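In structure tokens below, several structures.
Note that chain A is present in both complexes that follow, paired respectively with chain B and with chain C.
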Partner chain A sequence: MQTLRRLNLHPGWWLVLPFLLVVMGMFLGPILNILWLSVTLPEPGLDNYAALFESEPLRRMLWTTLRICLITTVMSVILGYSIAYAMMHASGANRNWMISLLLVTFWISVLVRTFSWLMLLGRNGPVNNALMGAGLVSEPVEFMRNELGVLIGMVHYMIPYAVLPILASMQNIDNRVIAASRNLGAGGAQTFWRIYLPLTRPGIVAGAILVFILSLGFFVTPAILGGGRVLMVAEYISVQVLITLRWGTAAMLAVLLLGGVLALMFILSRLIPLSQVFGGARR
Partner chain B sequence: MSADSAQSGGLAITGLVKRYGTVEAVAGIDLEIQRGEFLTLLGPSGSGKTTLLMMIAGFQDATAGDILLDGRSIVATPAEKRNFGMVFQGYALFPHMSVRDNIGYALSVRKRPRREIAGRVEEMIDLVQLQGMEDRLPAQLSGGQQQRVALARALAFAPPVLLLDEPLGALDRKLRIEVQAQLKDLHERVGTTFIYVTHDQEEALSMSDRVVIMQSGRIEQVGTPQELYSRPRTRFAATFLGKSNFLHRDGRVWALRPEKIDLHVGSSGDDRTTGKILSQTYFGSVLNYRVETTEFGVLEVDVDAWRGGAALRPGTVVSIGWHDEAVVPLED
Partner chain C sequence: MHDRQFMKETLFAGAQAFKAGRMDRRSFLILCGMAGFASQAVLAGKAEAAADQVIMWNWGGQSEVCHGSAIGEPFTAATGIGVGFDTSGPLQGKIREMVDSGAVTADVCDGDLFDAVALGQTGHLEPIDYTIVRADRTVDGYALEHGIAVILYGYAFVYDTEVYGDNPPNSWADFFDTERFPGRRSLYRWANGAIEAALIADGVPRDQLYPLDLPRAMARIAAIKDDTIYWSSGSEAHSMVVNGEVSMGMVWQNRGRSMEEDTDGRYKLVMNEAFAYPGGYIVPRGNPAGRENAMRFIATAQEVGPQLAIFQCLGMTPANPEAFDQVPEADQAYAISSAVNIDNVIFNDPTWWGNNIDEAVNLYLETIS
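Then we have the complex of A and B:
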């Protein structure tokens, strides 16, 4: 809306127009095409969507996706909250270290990190060897190729996305408000539950929605650490497109995913400015 | 409430020191504060007045010295156990809580019964006249209303001592004068010991029973507003509280308030010197002259504007006099 109005007003937009058209054509075009495919393949109608209610494997897969995403979100937010809290209360130099270490994880390819987990937690990995060597377990623990593996890998990947919005909301808290709570007789725990936590809620909600959105479409980690046994929606789509060639089903799931993400983004944008979420700790 | 605030709230501070590295923010303070007193800590920024208040509140540890409440040492008691009310600079209201919940917070963390809390909150709402605002959030209130919520919140648990950290700083001048009167009235009604930090001399003079002038972490002078104004002991006290001229006579420095000087054209019997007007400034109630005198250098003279008739022009030659008790010897 704003874009259209300014298109008429500002000549600068004419410079951007060609790129805008390219992006729209190359991006929106295929998306509309998928929408189209989902209601026309293999034959016109809403059969692909009806399968959501009829097909047992499809429902099981969607439930798996939802469950893993929810657990990932809860774990990432709890761990992210602890990390952000530690950062807030660390000395200046330590805090810089912690932020650098957090950002380093952004720069490492998700593929590398996933394979690292595979090696660390595999049957002959250092963790299992140590556990066996210490006599804690008699045979290797199955960390990988199951839901636990997927969860470990995904939580590890998602934590920074939870930390940054939470850290931003913690930085917004006026220290005097915390002092006021203590002055009025509240101890540390009471101050945390009644003042600190409620005041960081926008950050928690933003972090949770962000992590959930990213988890929904996650492909690499579930595919590798799940070992084909934990099927989530992104991998399911890929199987439909590349192996079973049921494009209609794949398109339907893609539309579902896109719709879900857009809805969540909308909710997120109501709660907190998006620039603050993606800008992380900067204010 | 078990604590009857009229029965306690006497503070004794002895040899209190706060050191940051090599800097002494509070450099040895001895002070007795009577129960029910309205005491103001007055000083420029960096004088240690806020640090002293934070130490009384328990937010800053003492490097040395002791703080006694009704004879018992509280210097090792954590802030949440001291039971002192506090009004913070900027109020520090809980932004996610209604006015009602803000005011009831201290009782609620003490796990008082719901009915008692509701009754007390209502009492406090009446006391600070915020009827009808109970369900609003702090952001929906004006600055003056927020200030009243902060007061009610701090007084709700009947603390023996109320600490106020520049509570009027965020208000505009007209409102500030109004709130000063309300604060003083409130103090008389609740009978709690008030310790009030400000850098505004007008606030200090108009509200306090006693004023403590601080500089560089030390007490410069303590006394009633009248004592401090009429008998400043040091040059700093004389200039920080009101304006003053300084006369050098008999190897001493003397303070002389501008409004205690008589100024007139021509001469009379008890003139001390003569001078020439350099400039005049009009302040509504007062006309201020700068006069170049033959004996004492440049003196500031304040004349009641309504009494002075037409303003004297620069260059006019005038005679100047004062009563003997108008000049006060300083310690410097």
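Then we have the complex of A and C:
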């Protein structure tokens, strides 16, 4: 016990320790295994990583992934911000309705949403039929089965993930600050850009991180709405694991994905304290 | 290893006691827990399989019902062994992972015959026992060391009669000709069939098709890329046609009939130059019900009765030549191996695909995306 006190370790840790070790083992073990596979399959060495520099198709696939994830993130955050802002300024009853509707979308499976978009915006869907019926277009607009379709499907799925953290940070704002700004002579726009927006920055960053990371793992939507022509990294990994059995390539990409996400978190933690981003203590 | 073997035997004995009613469910599950098996694996596979069952690993949907009635019932009647299903789809990577992990929970996989080539070479499969399974009850060349073709499925195409009514397409050359036959097409996303179709369209003689000339095929596929979308499941191929997204679509032949029916005959199936792919039954190494039971299951599936029943239920064509001419007259147009079609179809080479699937699929994906 003397040593314990000197370590300044709360005895509660000893209760948690076994579980902590199990979780660490269960979690770190497979991750280390993936890392190991990426430098040992098909033969020991860094060949899998060298392919990143040598293979043009691999780089193109990664670029497609990055591009789609970035656009999805920006669009989701902008739309999510507007929705959160509207919620903040809606009356109590309306706000409750809006939050319920937002949460209901979490219960709808991604497959159902994907196929709904396909029905709605497809070549013979109601939107295209209406546009053609009204004489606005002569050919059906190609909303689906291309990169635009992927973006529509992904942004739609991601918006709630952007709304919730932004809403939380908006609720944390002390309204007297806004009043003070107006009182000191700033107009509505100036108050928004210089006071409101900076104060909601932790929410924006949290929403953006959440959306970006979830987008990286997106799989079903790109495959279906992209008409098979949009290949993103998550699906590529699954193909290499399940069909072509190039597990070394798959492991390398998984490590790359994990490293990329960790690096992103690290950079952000330099820019803005992560404790602020992920809620918790109001400073 | 010895511990593992001991636990396996303990579990096996426990499973039989449980089945015979000598042990209650709770004790059995506790035993499983002590043996270190996660409850899901226990319920889904290992112990259940040990309890006198053959687990068939297939693709879900209709196939669970169809395989159950077509193969499972006669098999159980003949042997007293039950049949269970895992419907998660036996992709090569999953079979390999299952065997490598030592927790094999399936006995017979409804795979592709090229899987038998690829996984057989790496030691992940039990060899077929040709004293139980009959090598003459399949198409010539489709009785391999680690797998045998039990059914045939095909890559054919359907076309929209309202678009091409007067001058219907009848070959892969027509399918790949976007000038004479304008309109959007669909191809399979994982390369099978699509590569062969591109080469036949490009004028490769059918008897010189294999080994596939990949660069030549990719050039042909890239040429119609702007007019093509790609499906990765049978239901997706179906909806692309039924929703009118494509004017011509490569489809699995067994789906062609329901597409004709669902569009009231607006889309028509073309079986000329269809590619016959052997659906291979393969057995993961160390399967829980034992190699012999798995072989007996495969042998049952080869019999004429089950062969015709699978055709009626799933549309997959019999691979056993004894069943070829027993396909009812009205269904012959939809069967690969019926007299009206067999001379016009092109048989797949599973060995080429087994050895080259990684390169072919990756090259194809790079070309189309």
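Simple rule for what comes next: the second predicted complex is superposed on the first by the 231 of 283 C-alpha atoms of A that agree within 3 Å, B and C clash if a C-alpha of one lies under 4 Å from a C-alpha of the other, contacts with A are read in each partner's own complex, and residues count from 1 in each chain.
Convention: a residue touches a chain if its C-beta (ideal position, glycine included) is under 8 Å from a C-beta of that chain, and two chains touch if they have at least 3 such contacts.
On a predicted model such as this, the values are computed, not experimentally measured, just so you know.
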Requested in this report: Could you tell me whether chain B and chain C fit or clash when both sit on chain A in the superposition?
Outcome: fit
Report summary line: Comparing chain B and chain C in the superposed model, the one touching more of chain A is C
**Report entry** Partner chain(s) touched by A:189 [first = chain B, second = chain C, both, neither]
**Finding:** neither
Query raised in the report: Now for A:136: first (chain B), second (chain C), both, or neither, which partner does it touch?
Result: neither
Report task. Considering only the touch criterion stated at the top, classify A:174 as touching first (chain B), second (chain C), both, or neither. Result -> first
Query raised in the report: After superposition on the shared chain, which partner residues are touched by A:199: those of chain B (first), chain C (second), both, or neither?
Result: first
Report task. Would you check which partner chain A:227 touches, where first means chain B only, second means chain C only, and both and neither mean what they say? Result -> second
**Report entry** CA minimum distance (chain B, chain C), superposed complexes, angstrom
**Finding:** 46
Report summary line: Intersected contact list for chain A, partners chain B and chain C none
**Report entry** Residue ranges of chain B in contact with chain A within the complex
**Finding:** 57-59, 78-86, 88-90, 92-96, 105-106, 109-110, 153-154, 157
Report summary line: Residue positions on chain A within touch of chain B in the complex are 174, 176-177, 179-187, 190, 194-195, 198-199
Report summary line: Within the complex, chain A is touched by chain C residues 91-94, 96, 118, 189-190, 225, 229-232, 236, 239, 243-245, 357-358, 361-362, 365-366, 368-369
**Report entry** Partner chain C, residues of chain A touching it in the complex
**Finding:** 57, 60-61, 64, 118-119, 122-124, 145, 223-224, 227-231, 236, 239, 241-247
